[in-house]
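In what follows, chain A forms one complex with chain B and a second complex with chain C.
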Partner chain A sequence: MSVLNLNPQTIKQLKRFRSIKRGYWSAILLAVLLALCLVAELLVNSRALMVSYEGEWYFPTYAAMNPGTTFGLDYAYETNYRELRQTFEEEDEGNWVLMPPVPYNAFENDLRIGSYPPAPPSFEDQHYLGTDTTGRDIVARLVYGFRIAIAFSGLLLTFNYVAGIIIGCAMGYFGGAFDLLFQRVIEIWSNIPFLYVIMIVASVVVPSFLTLVIVMAALGWMQLTWNMRTSTYKEKGREYVSAAQALGAGNVRIIGSHILPNTIAVIVTFVPFSIASGITFLTALDYLGFGLPPPTPSWGELLSQGTNQLQAPWIVTSVVVAMVIVLLMVTYVGEAIREAFDPKQFTYYE
Partner chain B sequence: MKLIKHFRMRDCRLCITLSIFVSILLMVGCGQVEEAIDAEEVGTSEIDDDLEVVELPPIAVAEGDGLPDQLPSDLEWLTNDSDPEFASVDAIQGGTFRTTMSTFPLTLRLVGPDSNGSFTGYLRYNNFGPVSFHPYTRRAIPAIATHWAFGSDGRSIYYRINPNARWSDGEPVTSDDFVFAVQFMRSEQIVAPWYNNYYTDRIRDVKAYDEYTYGVQGADAKPMDEMHYNYGFGPKPRHFHVMSNKWVEQYNWSPEPTTGPYHVGEVSKRKYIDLDRTENWWANEVRFYRNRFNPTRIRIKVIRDVNTAWQHFLKAELDTFGLVLPDFWHDKAQGEEFDNGYVRKFWLYNQLPQPSQGMYMNTNESMLSERDVRYGIAHALNFERVINTILRGDYERLPTFQLGFGDYDNTSISPRTYDLVKAAEYFERAGFIERDDTGILVRDGERLSFVVSYGQSHHTDRLVILKEEAKKAGLELELQLLDGSAAFKKQQEKKHQISWGGWASQGLSPRFWEHFHSDNAKRTQTNNITAWADPAMDELIMQFRGSSDLAERIELAHVLEQMVHDSGVMVPSFQVPYTREAAWRWVRVPKHIGTPTSGSIFNTQANSAGIFSSGGLLWIDAGIKEETLEAKRNGESFGAETIIQNDYRTKI
Partner chain C sequence: MAAIAVRPCGARRFGKFVTSYFVRRFLLILPTFIGVTILVFTLTRLVPGGPIERMLNEAALAGADGATTISAGMDGRGGSVLSDEQIEQLKRYYGFDKPVILSYFDWLGKVFRLDLGTSTRYTEPVWETIKSRLPISIFYGVATLILTYGVCIPLGIVKAIRHKTAFDNVSSALVFFGYAIPSYVVGIACLTLFAANLEWFPLSGFVSDDFDDLSTIGKALDILDHAALPLIAYLAGSFAVTTMLMKNSLMDNLAADYVRTAIAKGMAFRRAVFAHACRNSLIPLATSFGNTITLVITGSFLIEKIFNIDGFGLLGFESLVERDYPVVMGILVISSLLFLIGNILSDICVAFVDPRVKFGSGGSNQ
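For the complex of A and B:
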């Protein structure tokens, strides 16, 4: 701790956070999931981790595609490593293939003649949660869908918070006409129905990852401004601000170095909930068909498939369980943070 | 205090996060509910105040148009009493046939605002024209007219009305009703611009020569049967309509008398509509119409959701149910009703015009203007895999652009199939030899990658498989799902690279001008979405359009279809040359199940699809109904029955 040179207040807050077990473990689990997500290609992928062919080693995961001809096969398109593994095993010439635990990517259709997708969960085929309506592996869709949702959420959060903090602080600090003007702007802006905007955008262009983030940030930055405005307003009345002003500190310095650190609790407590809402937003949009273009892996798309295919319960079950778990964990973390940062912890009303 | 605050905070956050999802869904859901309630009754009493009755002007005829004042004496009167009848003599009259529609209609008018809903079909098929088309021979057969004759100018046609023909209110049908039809359709009061235009631009003159003889002049010369199809419009009852500035409101819920077998009976707003058999219908004993239209009542219930309707069907509250979708036919149509034969499954192959579905390549795009690239793409699309997997082998490959027009079909064309060797050959010829890191072919840094835009979200499954399979050929397809109208607009403006979709086909012969003539290649908002321009083809298309000789037209259609295939601008995808339905045992049909032009088996109306008089063949056997219900109560079995009729299946 001392290496990081944290102030005692923060250390106390961290300790407090650790003492809330539910939130603490959720945070660790989420962090692990996020870390695994970043290297999902090593865990869930149709490309082999390692191929040993005629004494040479290949690591296809992050490399350029290897045509089938590389391994003595008769086609020029990307090697099917699952088949290659089988071929090597049958030939038994010392060549081998090491596949990831889930040997499918999120896009390929594992279709077999004689059986029609969706296929139920099967350990034998290594479809641990079954396949969707076009024979794509559900684990792969879930994992890559999660990664996209989290990235989306994180990016959205950054945009929203940068705008929200700057504008909110300015409103609270300067007050007066600036505050009044922005209050009205925000009130008007908040009344734009976001779903219709998305629908209009989706009918004109295919919504890409970035356009979705931009549209949603453009309509979502107002949320934090109110809280930031209030906290700044409150802090501005404190003596230390007057002191800083008396010493001749500029507005930027006062806001940046004095007020902001004291309002950080407000910001931090909102973060987990913003992440959760980012994920639900994207899922909802994908569910309705206004989200990311197919065949992007997404939870919303899986959910809509699942609800239309109730005779294949593994689709809807997988995605609902995944969603509930992630959202619960995020909420637990949020709760714990809120409690840890609560300044009224030792205040009692009498 | 702290505890309370804690809870509030948590509740609040959880609520926000979880309710976002629900609220978005609700926002979308609400629209539909409100729309349904819009079918509010329009009272007629309060609009009488400023009602202005309008006298429709006589038929205006442009210069160069016009029928002769006297009926030409050299006319050769034709009829058709030789084609075979297709209804069953075993048919029993009586009973109520129960079926469903998904929404209550917004009006019972045939024209004007909101009149293009699905229920209008029932009204339209009961508004007989002078002739209809035989479901086997596809030739004209008498309907309201008994005879017809063609004028020497090549674009006029004369009809002799059956003197027995009556409106459902008992009034006779006369020539004047046909004249009125044109006046009516041209009038502003009906608020129907499309009809206004069609009856002015396409129908140039109409004249009554006596009570039962009238003539029509169209805009262009056409082969005989095409003349019937284009210019043989149905009558309108002059005695019924009082034209006024309030016509649209006044007639919103007043159904017009019909000339067909059924007229609107009881209407229960938002619940059901009854169609009652017209008593002593004038065509009861007329050839081609006897032994048809057997139920005395058709009750059409509003059931909004298809899965709910399915439950109604299983409870025997509906008599039949469509099973074209693979999941219904294979998965849902199971259980004791089927195993015990209370419900029978039918699969009827037909020969209706097939929608021209497939991939349309925009030849304005540099890479797609190369024939080798187009051929390569065609060989890189694995439709067979889509059919054999997610479509469960139920669909068939569409061999060519247009199919299902009888003799016009060029059956010698076979589609380009998935073949990596051929695809590689064509791509190599175009200069695509190397593959990049992702396995896609490249030529001087240019990747073999195209955007496929489409508007039907349920087609994503099919395209996803095509995309993955195309990768093997080194071809990348980027899928672009757009809102339906946006996808249409995009292709109409020729801004697409590859468009996935299809044109509905109808009528008696294939169409080439709108899809392949160079006049439509340069302009936007035309149906030539491949921007294909070929002078040789233009010439043949114009010859095809202008010709009124059937044999010549057929030959030209074959040549043109081959040219379309050779151009490679369109890769045909799927066809569904059949209908599948389930029916309770008491619903009976003739031994041949249906006709080659039956769009559905259990159709109660004159036309079951398009222009052919193929419907109304079923009947309800009250005896079998009682027997079946009794057996169902006692759990007795008749044995499962699935009837597949593939006499009309086109062999490829």
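For the complex of A and C:
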């Protein structure tokens, strides 16, 4: 801790956060999940982790694709490592293939003779949660969908925060005409039906990842802006700001190095809830078919498949359980942070 | 005690201080309304694939079936069945021949004359289309409203009084669940579990097919049967926030000096809660009351789609998919008006419930 040179207040808040067990453990678990997500290619992938062929070792995960001819097969397109493993096992010549725990990627259709997708969960086929309506592995769709949703929320959060902090601080600090103008803008903006406008846009241009983030950020920056405005306004009235002004500090310096650190509680407590709402919104849009274009793996798309295929309950169940777990954890973290920053003690009668 | 004597009675105070504020608020509806509609209107005009293109496509499809296809030579769009003149006529009819801003004011003028235009999909007045969906939406809106307040207020009170007991902890888990999980996920989970797997409830719709043949009681039961799952989903959306708001504000009040004083002077705890603390604790709930009238529209998008309820939300969704912009704009008009009025209604509620509130600063400090 001493390396970071944190002030005592922050250390106290960190301690308080750690003392809230569910929030603390959720944060750790989420961090682990995120770390696993970053290396999802090693865990859920149709490419092998390692191939040993005629004394040579191959690591195909992050490398360029290996045509089938590399391993003595008779085709030039990418090697099917699941088949390769079987072939090697049958040949029994000392060659071997090490597959990831889930040997499917999010896009391939695993169609089998004699059965139609969706297929129920099966350990034998290593489709641990079954397949969706086009035979894609649900675990793979969930994992990669989660990664996209988190990246989406993170980027959206960054956009919202940049806009929210700059505009909100300026509104609260300068006040006057600027404040009034943006108050009206925010009022109009927040009266626009959010989902509706995104759907209008998305119904016309098939949204890419980035356009969707930008459109959502354009419609969602008001909440943080408003909160930042209020807290900047409150801080501006305090003595230390007058003192800084009297000492001749510039506006940017006062906002950046004096006011902003004092509004940190607002900034930090919003993070988990923004992440949760980012995931929720993206999933809702995908569910309605106005989100990221297929075949992007997404929870919303799985949900809509599942509600259209109620005879395949494993689809809906997987997504709902995944969503419940992730959102609960994010919210636990959010509550713990809020409590760490603002310990509201109630007195009550026994 | 002097303070109490000075405090004017509710009605007079309301008349004196607040009327001018609310008149101003009502006047402010207009610019905001115009701001919102002009934005969305422009958006619907800028995007390609509007109703004209859709009609042309349909006409082209219909023409392809027939033997003769009149080629009008529309800018590379070979095989169009409409002549240029007809297309111009269509454009004029829908106001597509003018610049955006002019056709916006045409549209706005019509709205002020209570004419929302004609649906391009149903070819009937937009208002008729909307009106036919309204009863279902209002049914769900009102039922949710009653359920939310009927469940959340008592639950919040009990949770505040029994803070940190087993009951509080167990119900907190439930509340937290409802808080973290969006209502559409709750809806989908309920649909899968209770309707598809256990078959306790029907899968979708507002009433059964044989609804007209049922007796009055049968009809009521049929509606309830269909409404149970959507209502759970709707309730999940507002349940957590309202309950916790009630609980927290009651606990704030129970810890306040005036309740402490009342108890110290020998008032029974029960009476202190219900006669003093409860009324004050309802103030934060009053701030959100006005917004609940927009519940008729907002948020119902997803739930109506999941349960296939033919209400306002599904209409909005379908008209978006079909690019039926008159209906899209009509729904926007109604929902944004409701929302704006709802906000003011909230303030009126607060002014009535809380005598300490003074309006007039334009709310610029909050």
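Side notes on the structure shown:
Criterion: the second predicted complex is superposed on the first by the 342 of 350 C-alpha atoms of A that agree within 3 Å, B and C clash if a C-alpha of one lies under 4 Å from a C-alpha of the other, contacts with A are read in each partner's own complex, and residues count from 1 in each chain.
Basically, a contact is a pair of C-beta atoms (placed from the backbone, for glycine too) under 8 Å apart; a residue touches a chain by one contact, two chains touch by 3 or more.
Since we're looking at a predicted model, the values are computed, not measured.
With both structures placed on the common chain, the touch criterion links A:246 to neither chain B nor chain C. In the superposed model, A:233 makes contact with chain C only, not with chain B. Touch criterion met: A:306 reaches chain C, while chain B stays clear of it. Once the two complexes are overlaid on the shared chain, A:327 sits against chain B and chain C alike.
Once chain A of one complex is fitted onto chain A of the other, the partner contacts of A:192 are limited to chain C, with no touch recorded for chain B. In the superposition on chain A, A:276 contacts both chain B and chain C. Once the two complexes are overlaid on the shared chain, A:203 sits against chain B and chain C alike. When both complexes are overlaid on chain A, the residue A:316 reaches chain C alone and has no touch with chain B. By the document's definition of touching, both partners, chain B and chain C, reach A:284. Counting contacts by the rule stated earlier, residues 193, 195, 199, 203-204, 276, 280, 283-284, 287-288, 311, 327, 331, 335, 349 of chain A appear in both its interface with chain B and its interface with chain C. Residue ranges on chain B touching chain A, taken from their complex, read 1-2, 6, 9-10, 13-14, 16-18, 20-21, 24-25, 27-28, 327, 331, 385, 388-390, 392, 420, 424, 435, 437-439, 457, 460-461, 463-465, 467-468, 471-474, 479-483, 485-486.
In the complex of the two chains, the chain A residues touching chain C come out as 179, 183-184, 187-188, 191-193, 195-197, 199-201, 203-205, 230, 233, 276, 280, 283-284, 287-288, 303, 306-307, 310-311, 313, 316-317, 320, 323-324, 327-328, 330-331, 335, 346-349. Residue ranges on chain C touching chain A, taken from their complex, read 31-32, 35-36, 39-40, 43-44, 47-49, 160, 163-164, 176-177, 179-182, 184-185, 188-189, 191-192, 195-197, 203, 251-252, 254-255, 263, 269, 298, 301-302, 305-306, 316-317, 320-321, 323, 328, 332, 335-336, 339-340, 364-366. Touching chain B in their complex are the following residues of chain A: 64-65, 67, 75-78, 107-109, 111, 113, 116-117, 133-136, 193, 195, 199, 202-204, 206, 273, 276-277, 280-281, 283-285, 287-289, 293-295, 311, 327, 331, 334-335, 338-339, 344, 349.
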